[in-house]
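Next, two complexes with chain A in common: one pairs it with chain B, the other with chain C.
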Partner chain A sequence: MAGRGEAAAVRAARRVGVSISLLRWAHWGAVVLAAVALWVVPLFARSYFIGLLGRFLVFGLAAMSLDLVWGYTGQLSLGHAAFFGLGAYTSGLILAQTSWPFLGPLALVLGILIPAALGFVMAGTLFYGKVVGAYFAIITLLVSLILEQLAISMLWLTGGINGLYGMKPLAFGPLSVDTLNEAYYFIVIVSVIAYVLARLLVESPLGKAMDAVRVNEKRTASLGYSTAAVRTVVFTLAAALAGLAGVLYVPLEAFVYPSQLGVGFSTWIIVWLAIGGRRSLVGAFLGAFIINYGQSLLSERLGRYWVLATGVFLLIVVLVQPDGLLGIIRDVKDRLMRVVRGSRAGA
Partner chain B sequence: MLEASGVVKRFGGLVAVDGVDFRVERGEIRCVIGPNGAGKTTLFNVLTGDLKPTAGRVLLEGQRIDGLPVHTIARLGVARKFQVPAVFQELTVLENLRVAANGGRSVLSLLRRDRRREDMARGIAEEVGLQDLLGVQAGHLGHGEIQRLEIAMVLVSEPRVLLLDEPTAGMTYDETRSIAVLLRDLATRRHLTMVIVEHDIDFIKMIGDRITVLHKGKVLMEGHHSEVERSDEVRRVYLGEGL
Partner chain C sequence: MLTTLLNGVSLAAVLALVAIGLAIIFGLMRVINLAHGEMFILGAYSVVALHQWTGSVWWGVVLAPFVVGGIGWVIERTLIRRLYQRPMETLVATWGLSILIREGLKVFFGGGSRNLPIPIRARLHFGGFSYPGYRIFLIFVAIVVMAAVLWLFTATDFALKVRAVIQRRDMAMAMGIDAARIDQAVFALGAALAGLAGAVMTPLITLNPEVGLFFLARSFLVVIVGGVGSLLGTVLGAVIIGLGNAYLSFLTRPVFAEVALFVFAILLIRVRPSGLFARPE
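Up next is the complex of A and B:
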């Protein structure tokens, strides 16, 4: 019964098994290296670059949040900035108070919990009401539009189009996130923790359920999963993560403004993730880095044409490989491995 | 174990299932056959909860299950294997089994790995003969291997009733036989009740239990395969379909 093809498949399986555990070690090694590299940057970089890198990390976190929802569970959120901006406004409003105690911890915790609560209510009503796909995406878009308009018109609370400024530094007891370097180090620490937690999530049984829901929802339900519950939990966690990114943005910009909640910013989050590559977590940071670094280099020379250039670049990447730049890297790696195997088999 | 009484399913003006009564005992393997359009798949979908019956009841050990959501019925121990391969192609054999093994857990508890379930996933891979292919993407498996993986995936949930829709479609004679042996073996060892929709008469003979023949949404006859084969009525409805 066990023909030659089957035997070959078994051998291939064993080889794949080895390379999977190798890749896992390589991945965690790379995470440690990246964390160390980010940590030492301020020792020799100009403050302009430190500020940029801090922004890229914050944007990467927002894109990683979208990756959990769009990449893993397959539901596109067109208004993801709503959660980012809500986190920023919540923490900005708290840090603008004068008489409250525990401002820092309060700004951090509520800046995560309030976006999470909005995400929970949205996901709960929509997913349990079987509103998925395009309809879900449109409603997330509307929420982002509405929040942006509210931030513009509720002058007494948000300062309207002028935004919020003059906040006190984010402080935890004696530890204060005040200078640019302090903000940067804080962002690096939180980013690394958030990445590790997100990685553990997608490797957990829940992470596999997220994949399963995306690939075949009906089948996943027949295996005893409540697919609405899986989507709701993941969307809530993602909203919390986007809110956290918004909280981190406040000490960096010292300024909170309505477009941080809006559709324009939501679109950029989608672009970063689509270019970097979905379903990898790393792709979110890669895309945020490449697009924003490219913008800082080229926008002076290209002016308004920068956005057009980004659009063309996105189109090319997605046409070549729908899984983005990391997908292209993966293809190249697969092809190399095949060549290596081929030459070994031939020897 | 599993009982349908007076089940009717209408789609607009079309009556797909027209008053089916049907009872399967614990540990029995019941094959359901019938020409195209007889209502086999619709009946199947009513049993799994994918469709709500227009009238009639479905009972699992005396408890009504018709109208319950699919995942609730699954949690009660009714597992389904689809006709079209529905393994998760992008995931590996082991990942597929892990997804199956963790079914029925509350979503928040899924953040933690459950040693017992992970071990069970590997154990069942061995039980159906897939232990050497754990790291292979399901999309790269052969036809018979995919069917084995699907059967393994429904076993992981430790079902009491297993519903299989054409488990051997497109298989060679040898593959069909090995699946039949596997199913018989599982029915005996696990006291598993099965309902199988199948066209392949070789497979039905290998299984060798009672058969229900559906025709135009109704039960035409029920009996052992030798009786069914001899029946003139069954021959008539299958005329030209080569039973």
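Up next is the complex of A and C:
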């Protein structure tokens, strides 16, 4: 509900006389409700569904990470899986070591820091060199492609095409993330924290600067902001978040493989976000949920056409509805409001 | 050593054909066509289809540029022209299009890999050294086509119109140049060149619908190194990437050769954003 959606919501609230602080409370209330709902799911759901839901949340985090970069600062990362996969490989490699102490915290921290470091180096090099827009997007694509090829060919480190498996569970002292339910609860906790932090980020002064950099870079620069600094900070944070999502994927999947770094998975992240709705943190999760749930329903019969459909989705988002599903919901709501208001005016 | 040199030159020849299409489309329309790798693949599968039909590779090599050029023309008319002035949306749309073409080819031809026979079996001998005749043919084709493209974009009436549209689109249109038709022609030509590259490469590679991405990626390296300002720069970029790839693959594993060239390109874009050979703006 940020960006355009937020502005519309604020306008609607003013129109009916609801104070904006009430709206904000309603949003946080909805977050708490969603967290509680996610928490009680394992009480009555089958383990297949719990696994799916955990996966959707991890994918939603990856899409939210891309949203910070693409939705809010306007820089498309075509290779966002590079950071996701790097997080997964880092934590997987650490968890495969049996002799080190503090494996869990180390896997979590390095699984976030190493992708963040790559993101920082990339963003710092490119944004400060005024490499933005299409060239930036292409370089992110190349990074993802090359990391995937490296993961396939560096057998001694990554296990090649077979990937990494047989990792020890992610453990923090007495707390261990081992079973499916434990992995799921861990993912829910981290997802809620990450969402809250991301929400605070986009509503902070830096969040306003992110909007400004996207909308008009020159004017933002002339007001004294370093647009390169804003973009670099946000890209680094997003890389850390994508790495975190990768770390969370390891206990769920018990398997790390090269395509988690690759261009195909990067494209999926783009599709989730574009379908859900850019510039909306909720949209990132919505897109990841709907696309993946659709895939799990349809893939038995239509598996080979599902990837083809993503191409169609991307074209639809560009040509018909740039704000994705949230945009469609908003349009329907606006139309209903107009009908309601029209009938009231007639009465 | 001569073998490595010629391998590099033949890779450079193909990369030049692919990258020049990418570069002229970007230079004229500021559109980066992420489906350009799929134009390469469409050229390759044109050869496959015509090979199944006629039993010869040559028909495909001759007809592929026309087939792919026609497809490019349709893409420009239906998709690209809606997206001018929206560079980021163009990236997303052409990426979607590339998925559509790639997966469509998988449905139509199957996703597996295939190898076509090399149509020229003879080897060229000079001294104690011999080299596959087909690769020599490929280098020859690329040189002829590149010369034709350079002539087209420097010495013809068409060249004048293209330059006018690049420099001042509205003024060119006021002078009676149909800018939309120039766009269509250039986009179709760029697609046709990529299609030709795919067609002539088909007998030399293990073909599957995924290889387009690798040629797209290498073409980007060419464009980053050579810049998009001049056609000669793109050709020189292709020579650097092609020879670099051949020699580095000779010294180490191919994947590390790709990584080294990529790092080189990143450092270069930081120091000289407009490429090695273009005059900085």
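Everything below uses one rule, namely that the second predicted complex is superposed on the first by the 298 of 347 C-alpha atoms of A that agree within 3 Å, B and C clash if a C-alpha of one lies under 4 Å from a C-alpha of the other, contacts with A are read in each partner's own complex, and residues count from 1 in each chain.
We take it that contacts are C-beta pairs under 8 Å (C-beta built on N, C-alpha and C of every residue); 3 or more make two chains touch, one makes a residue touch a chain.
Since we're looking at a predicted model, the values are computed, not measured.
In the superposition on chain A, A:206 contacts chain B only, with no contact to chain C. Of the two partner chains placed by the overlay, neither chain B nor chain C lies in contact with A:52. Once the two complexes are overlaid on the shared chain, A:290 sits clear of chain B and of chain C alike. Using the contact criterion defined above for the overlaid structures, shared-chain residue A:225 touches chain B, although it does not reach chain C. Contacts of A:142 after superposition: chain C is touched, whereas chain B is not reached.
In the overlay built on the shared chain, the residue A:329 is in contact with neither chain B nor chain C. The touching residues of chain A, when paired with chain B in their complex, are 1, 5-6, 9-10, 12-14, 16-17, 20, 201, 204-206, 208-209, 211-212, 215-216, 218-227, 229-230, 232-233. Across the complex, chain C meets chain A through its residues 32, 34, 79, 82-83, 87-89, 91-93, 95-100, 103-104, 106-107, 213-214, 217, 220-221, 224, 253, 255, 258-259, 262, 266, 269-270, 273. In the complex of the two chains, the chain A residues touching chain C come out as 74, 76, 78, 125-126, 129-131, 133-135, 137-139, 141-142, 145-146, 149-150, 152-153, 263, 267, 270, 274, 304-305, 307-308, 310-315, 317-319, 322.
Contact residues on chain B toward chain A in their complex (touch as defined above): 48, 50, 69-71, 74-75, 79-80, 82, 86, 88-91, 95, 98-100, 102-108, 110-114, 117, 132-136, 140-142, 153, 157, 174, 178.
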